[in-house]
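Below, chain A partners chain B and then partners chain C, in two separate complexes.
Right, the complex of A and B next:
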């Protein structure tokens, strides 16, 4: 007799996905891991998890490729098959929460690419009802920016920002994918006011950058794994559209709380310009 | 292969988009990303698989940019070698089929 499957619906970025398993312990892990993102919405997608004694080597390169109608997601610690036509997939992995996060991130990156959105290696936070993104390579200061944020700032993530097109621009959503801060973001959303590429320096300053430079930096920080030309073309078009719609600047910062004054000053001056335009 | 018989074609596995005078190129096989300057973009766009590189340099690059022909040829060969090592351009001493953009 087949064991009954238990379901947890996890909604990230407004996209509810039903995650099912027969393993009570794994279900408990799912619910704890994504507490704050559990949803009662009707799921748009379904993933069946099968807990197996797969290797735990999450340092292997991830591979995402097409096999006829399905996507194959592979790494040392998981193997998954995903059919975008039926909106269903199966995952074989060990009970490691990092493997779980990786599978969900890849799946969301595929879903978002079809919807002109993307996951960005960036911290994001809401200040005065607008979202600000802080992107850069590891060590550039993403977690530092979130640690320095004033108390009225709402953290969306210190690691992986979730971006979707919205009326007039793009919206950022909170994610449970945490970096060094080891704290999930708030499950909320706001229109994106600006993206800053971080660089540490002796003083705080905001500089313009060319559109081409902005696209180049953006593409280097977008999480995308699929070996698929149509999706890559669409992603590149999305990146160009994002750069055309969202102010993008280089933020050189000295790591203390005054950097948020710089962000606030930029936001105020930009709003003033926009209102006069 | 003789230098004057190098044919170049764009790989079918890449996505490209022009923006503000530069060409953004991404290899869908490994997600490597390149931005090409104006001269490189001219060569990239002319990489139709049946026009020899030397002809592209002479008729396109030297016509559009104030460059020394010998230096332009050397730079073009270096550029082609680099992009072909990343799978962006295909290189042959025979004409090739090419992607159109």
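Right, the complex of A and C next:
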């Protein structure tokens, strides 16, 4: 007799996904890992997990391709099939939480692309009811920015920011996808006030950047893996729209707490300009 | 992810066309790609919107644009220019001067305002489909005037072009299907 499947509904970015498994240990892992993101909402999507003794080689390149109506998600440590039509999929992976994170990130990147949103390699935090994004390659200072944040700042993530279009702009959502900080973000949302591309330097400074440069840097930091021309085309349109709606600056910073004063000053000056416009 | 500008950028050449928020950003991105090439020729492919260059260019056409300098251009060529964050793909109507250049859509009643030299982004790479040489430019201009002043002729031409595009697409699909069987 087949073992009954246990379900945990995980809601990230306002998108509830039912994750089911027959493996009690894996279910426990799921619940602990996504503790702040468990939801009682009716799931929009369903993923069945099958714990297998697959390899644990997460260093392999991930491959996301279409096979007729399904997406195939593959890496050394997991294999998944996802049907966007039925909104269901199956995942074969070992009980590694990093594999689980990777599958969820890829799935969310596919869902978001269809909804004009995206995942960005960026830390994000809420300050005075507005979200600020800090993007850059590994080592640019994303985790450092979150560590230096004043106590009243709410951390959304130190690694992967979740962005969706909202009235008049974009909203950032908290995610459980942690970087070096090894701490999940808060499960909350706020309108995006600015995106900063980080560079370390001898002093704190905010500089303008051209829209073309902003799009190029944004596209370099968007998480997207699918080999699918129409979706990539749509993602570029989304990136251009984001650049048109959200102030984007280069933030050169010296890693101490004063950098947040620079962010705060920028936010204040920008609000003043907006109010007088 | 690296941007591949070809296929993703569109030309919007009608002044009163409603524009999405991102279209000015796309134009800036394209301008940077073409201007940033220095002396190295760089090509991008664009999908054409608008009807101002009928019958040389039709809505939905994919064209190839090559970066170039003012000195490279000859009257009659189709030129890509940027004005007020908007792309225009129109025909050069007179030799360029140090003050800039003048363009006109083949089916437009008048000239565009003068473009400054820095507005130049590139020129259309001629193909058999879009015609080569002065005679095809003259023919396109003559037919363009018909479409400019006769709304009925323009509608009919666009309808015929739409049917032709649909049947060409169906033929391509049929060919693909026969390949996969």
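Observations
The rule is simple: the second predicted complex is superposed on the first by the 277 of 277 C-alpha atoms of A that agree within 3 Å, B and C clash if a C-alpha of one lies under 4 Å from a C-alpha of the other, contacts with A are read in each partner's own complex, and residues count from 1 in each chain.
Operating definition for what follows: a residue touches a chain if its C-beta (ideal position, glycine included) is under 8 Å from a C-beta of that chain, and two chains touch if they have at least 3 such contacts.
These figures come from a predicted structure and were not determined experimentally.
Following the overlay on chain A, a clash is recorded for the pair chain B and chain C. When the two structures are aligned on the shared chain, A:241 is found in touch with chain C, with no touch to chain B.
In the superposition on chain A, A:219 makes contact with both chain B and chain C.
Residue contacts after overlaying the shared chain place A:22 against neither chain B nor chain C. Look at A:148: by the touch rule set out above, it reaches neither chain B nor chain C. Of the two partner chains, chain B is the only one that A:227 touches; chain C does not reach it. Of the two partner chains placed around the shared chain by superposition, chain B and chain C are both touched by A:210. Chain A residues in contact with chain B (one complex) as well as with chain C (other complex) are 210-212, 215-216, 219-220, 224, 229, 232-233, 236-237, 240, 243.
Those residues of chain A that touch chain C in the complex are listed here as 210-216, 219-220, 222, 224, 229, 232-233, 236-245.
Interface residues of chain B, counted against chain A in their complex, comprise 12-17, 19-22, 24, 26, 28-31, 33, 35.
The residues of chain C lying in touch with chain A in their complex are 1-3, 7-8, 20-26, 28-29, 31-33.
Contacts from chain A toward chain B in the complex involve residues 210-212, 215-216, 219-220, 224-229, 231-233, 235-237, 240, 243.
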